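Next come two complexes built around subunit A: one with subunit B, the other with subunit C.
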Partner chain A sequence: MSQSAARARVRLARERRPVLTVLAVAAYLIMIGPVIFVVAVAFTAGSTITFPPEGFSLRWFGAAADYGPFLDGLWTSLLVAAGATVIALAVGVPATLAIHRGRLPGRSVIQNLFLSPIVLPELVLGLALYQQLMVGLGVTASGVLLVGHTLLLLPYAVRVTGASLTLADPALEEAARGLGAGPVTTFFRVTLPVLRPGIAAAAVLGFVTSFNNVPLSLLLQGSGTATLPVAMLQYVQTSYDPVVAAVSVVLLAASVVVAVIAERLVGFNKIFGGIGS
Partner chain B sequence: MMDGSDAVVRLAAVSRRFGDVTAVDGVDLAVPAGSLTALLGPSGCGKTTTLRMIAGYERPTAGQIFIDGRDATTLAPEKRNIGMVFQSYALFPHLTVAKNVGFGLKVRGVAREEIRTRVHAALELVGLSDLSGRRPRELSGGQQQRVALARAIAIRPSVLLLDEPLSNLDARLRVQMRAELARIQRESGITTILVTHDQEEALQLADQMVILDSGRVAQAGHPREIFPAPASRFVATFLGYENFLTLPGRGLVTIRPEHVEVLPESDPDPDGGQSRPGTISHITYRGTDSLVTLDVAGETVLAAVKDSDLREGTRVRAVFPDDHVVSLPS
Partner chain C sequence: MSRRNAVLLLAPGLALLLFGFLLPSVMMLFHPPDTPPLDVGRRLGEMLTDPFMLKIIWRTLRIGLIVTAVCLLLGFPVAYLLARSTSRWSGLWLALAIFPLLLSNVVRTYGWLVVLGSKGVLAQALTGLGITDHPPQLLYTEAAVVAGLVQLFLPLVIVSCYSSLSGIDVRLEDAARGLGASRSATLRLVLLPLAMPGAVVGATLVFAGAATAYTTPVLLGGTRQMMLSLQLYNYSSVTIDWAGASAVAILMTVLVFAVAGASAWAGRKRVTV
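After this line comes the complex of A and B, so read on.
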């Protein structure tokens, strides 16, 4: 965004303050309202989803921990999210470097290829993978799930690390070479450290995106490969009790922890600043 | 005088083409040990490209580059032992000032104790020894530049390359850093090539000035040789000779505005110079002097005069002293 545009926006915000304030408050209420509702319900002592909750207890957290599919789902989700994040970065970071620093012919084509999953409907992607890998090649359900999530995260890995690479001065690497560092030393001592905030941001974003994904996980689930969101979805289709609320609260708490750690590590403006550009 | 025998850097008919553009076109250059050579010229004349070829970031498409007498034309940058200060400084953002300055020594495998001593000495030289623990983003532009300079000097390079080192600084800091740069270069004795488009900078700092025009050397030599005797209209224009006129018996000549004298029209022709009658069409006050625009028989002549009692519209006599009139090839 250009500076003058930013300034114009600030001016606009100042002039229309009352309207903006009302809108902002309304937006927060709409966002936070359901969260408060879910948190309250999770701690209810009663056995139905009612608001306000009937008394206070931790019984639904206990029930959630005892429910096998949730634990299996959590494990699957964590494994898939971690695995997909690592693979997406392992493929995405070198691809980003090649796109931005290399002298590849047709690099915009390559870039678009890596970014395409972001515009492809997940259902289409899921169906294609299901057809080709699971049915066609006989890849296991967990394998396909991992591939699917990796494809889902690849654009984030390329985008976010690409953004921090664009911001980095290309002369840094030349300076390192001039000071006597060969290409390999330059990569490990300069390029990678300079990219570290971008890579960390891509990892957090990728992990959270995979962990929260429903459509792709739903389509690619096989026996024993339901992720936690899928297990929760299946649970609420048959039972209507506060267990799901309790799980949601745990996830919420985990998200807050991740967000705080991410903020400490790299800062939100870096994470989200990187996405726009 | 420049046979290149004691040259640290020597370019022999070096050219660099980018597609249809010839950025550098058959440049010959010898940089004597311990000297400061300034590459000077307007934007796009090939200064940066020349510097980058010496550093090894660009390959010449023709010609050869010798560093310390060795053919370095195709040598990788890390094998050249060259200290370059980039226009953007290119300090490593994730390293402290001391680690930045020590980077080149560390990758060369110099012992830790010696790195510490040499980093300290380099920071001392640029006057920044108390900021060694800071990160680049915690420094001002002028300080960042000193760090970049210290980092380049710490490796004891065969030659120090500076690409417009002062252009990112504000006017006052630029004058201060120019003096600093002269001191550091003198104290360290490092052979230096400086790229600039500021003729004043080159005149003050350089032992050798190389003026480039569209990738070719237009003129090279000591500032004291070049400044009073530009060899072409291009060089003259670049050095601030603003008057170009044809004088009887001398052909096309050039003269600086501060050397044109303005006398009353009735004065006789002075000795040792030619004069022309003209009219003052405009006067611009500039503080220490006034720039007088004269209409001399349809041609515009600029004169910088201290005298302030001149008036627009007055008939005067513009005098061109022979000592200051430079003949140009027409």
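After this line comes the complex of A and C, so read on.
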């Protein structure tokens, strides 16, 4: 940053902005406040969602661990998220390479096609898969669930790895080929190291997106394929005890761990800050 | 890379998109299971003349627009203050604004049950302060749905406004102030026009998300605040009315695309003014 910009920045930062500050504080309260109350309620000794909590106990954590659908749901969610992330990357990374290095006609059309599943509302995508693949063709619920989640993650895989590929100089790959390396060696020794941050970012983003998804998982649940968020949603709709608050605290702790991993791998703000653009 | 190799690398992805996405989506419009041909069109026509359905469409549009407006109103200041901050904590504050995106929508929405429930934070505060003996019904109202959706989508607006605001040269703003423009004039004439592209992207994402969300409306609004997403789920998984579900899917998609197109158009117009 030049000196004049630095001085301008300091001058502007010194100004008081009362209206903007009040609005910003309100924004943080709305984003964070309800989550803090969930944490408080999770440790209640009472049996309803009441505030302030009645006494302190860990009984709802025990109740959550004993409730079968949550454990089954957790297992399903982890399997689907891991499977969909791996397939989306296995399909998406080669496609990204072809889009950026393939000198194909209609490149931008192909790229937009790969980004298109994200444009359709998730419930609509879920309905299409449910109607046509599960009911129409009789594909199993777990198979369609995996296809749906893979489609959901494919745009992230192509966009995020594509962004890191555009930073790489194609001349490096050409040099490797010119020095006698085959296409496979060139990919693993030259291209892949460049892509690694992008792949790591897409993997973290994809895993979290799939794990938390409700619309697809809800429409595509067969017997025994309810994911954890769907099991939680259905529990909250029928009973009013704080067991879901306890599960929420566990998920919150897991999200903090994921955030720390993301920060170590590529940078937390870098991975998740790209969602809105 | 030879053209043949490029096609081979694309093939698995194209197959997945064709059989997993394009064909099912198109088939859903024309041929839902167990439905006579053209039934989707007939149901769509019925819905557009049914006062009950029109009310649901109008509520979906209204909630989507209100949520978008509130998100911009609250999210832009956060993005601005973070982009202009010289504090070394600003990275942490940005991370705190992004962090909720990692957390399941069910968890975030559950928080509002604790806040707005009949024995929740707000009801207890109102009775505790002696403002009222019988706290008003807070859950299952339109305001509850709006609050829940604003919480979900604020991070998206903050992130997209932040990325365009942090690209604006601070000296432009400083010069406008130095030449005598008031703060609000600087905001209106310098910052907003330059920040518009990011804000339009953010607003479009928020509307699309809010108008098609399921978790938050079902938990905070329930059947008293029916939206298109709840109706789609009812048709597809409760009453098994395939043509009806397809027709609602069309309505939802058209609504999102129409508003996205309108906001892109408005954003372009604003920039050239």
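By our rule, the second predicted complex is superposed on the first by the 246 of 277 C-alpha atoms of A that agree within 3 Å, B and C clash if a C-alpha of one lies under 4 Å from a C-alpha of the other, contacts with A are read in each partner's own complex, and residues count from 1 in each chain.
As a convention for this text, contacts are C-beta pairs under 8 Å (C-beta built on N, C-alpha and C of every residue); 3 or more make two chains touch, one makes a residue touch a chain.
The structure displayed is predicted, hence computed values, not measured ones.
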Room on subunit A for both subunit B and subunit C (clash or fit): fit
First, second, both or neither for A:Gly182, with subunit B first and subunit C second: first
Three-chain overlay, vertex subunit A: subunit B-subunit C angle, C-alpha, nearest 10 degrees: 100
Touching partner for A:Leu172 - first (subunit B), second (subunit C), both, neither: first
Touching partner for A:Val190 - first (subunit B), second (subunit C), both, neither: first
Touched partner set for A:Gln131, first subunit B, second subunit C, both or neither: second
Partner contacting more residues of subunit A (subunit B vs subunit C): C
Shortest CA-CA distance between subunit B and subunit C [superposed frame, angstrom]: 11
Subunit A - residues contacting subunit C, complex: 4-5, 8-13, 15, 17, 19-21, 23-24, 26-28, 30-38, 40-41, 48-52, 90-92, 94-95, 97-99, 101-104, 110, 113-114, 116-117, 120-125, 127-133, 135-136, 147-148, 150-151, 154, 158, 183, 208, 211-212, 214-215, 218-219, 229, 232-233, 236-237, 240, 244-245, 248, 251-252, 255, 258-259, 268-269, 272-277
Subunit A - residues contacting subunit B, complex: 169, 171-172, 174-182, 185, 189-190, 193-194, 196
Parts of subunit B lying in touch with subunit A, wherever the complex brings them together: 55-57, 76-78, 80-84, 86, 88, 90, 92-94, 103-104, 107-108, 151, 155
Residues on subunit C engaged by subunit A in the complex (per definition of touch): 1, 3, 5-7, 9-10, 12-14, 16-17, 20-21, 23-25, 27-28, 32-33, 73-75, 77-78, 80-81, 84-86, 91, 94-108, 110-115, 117, 119-121, 124, 147, 150-151, 154-160, 162-163, 169-171, 173-175, 177, 183, 198, 201-202, 205, 208, 212, 214-215, 218-219, 229, 232-233, 236-237, 242, 245-246, 249, 252-253, 256
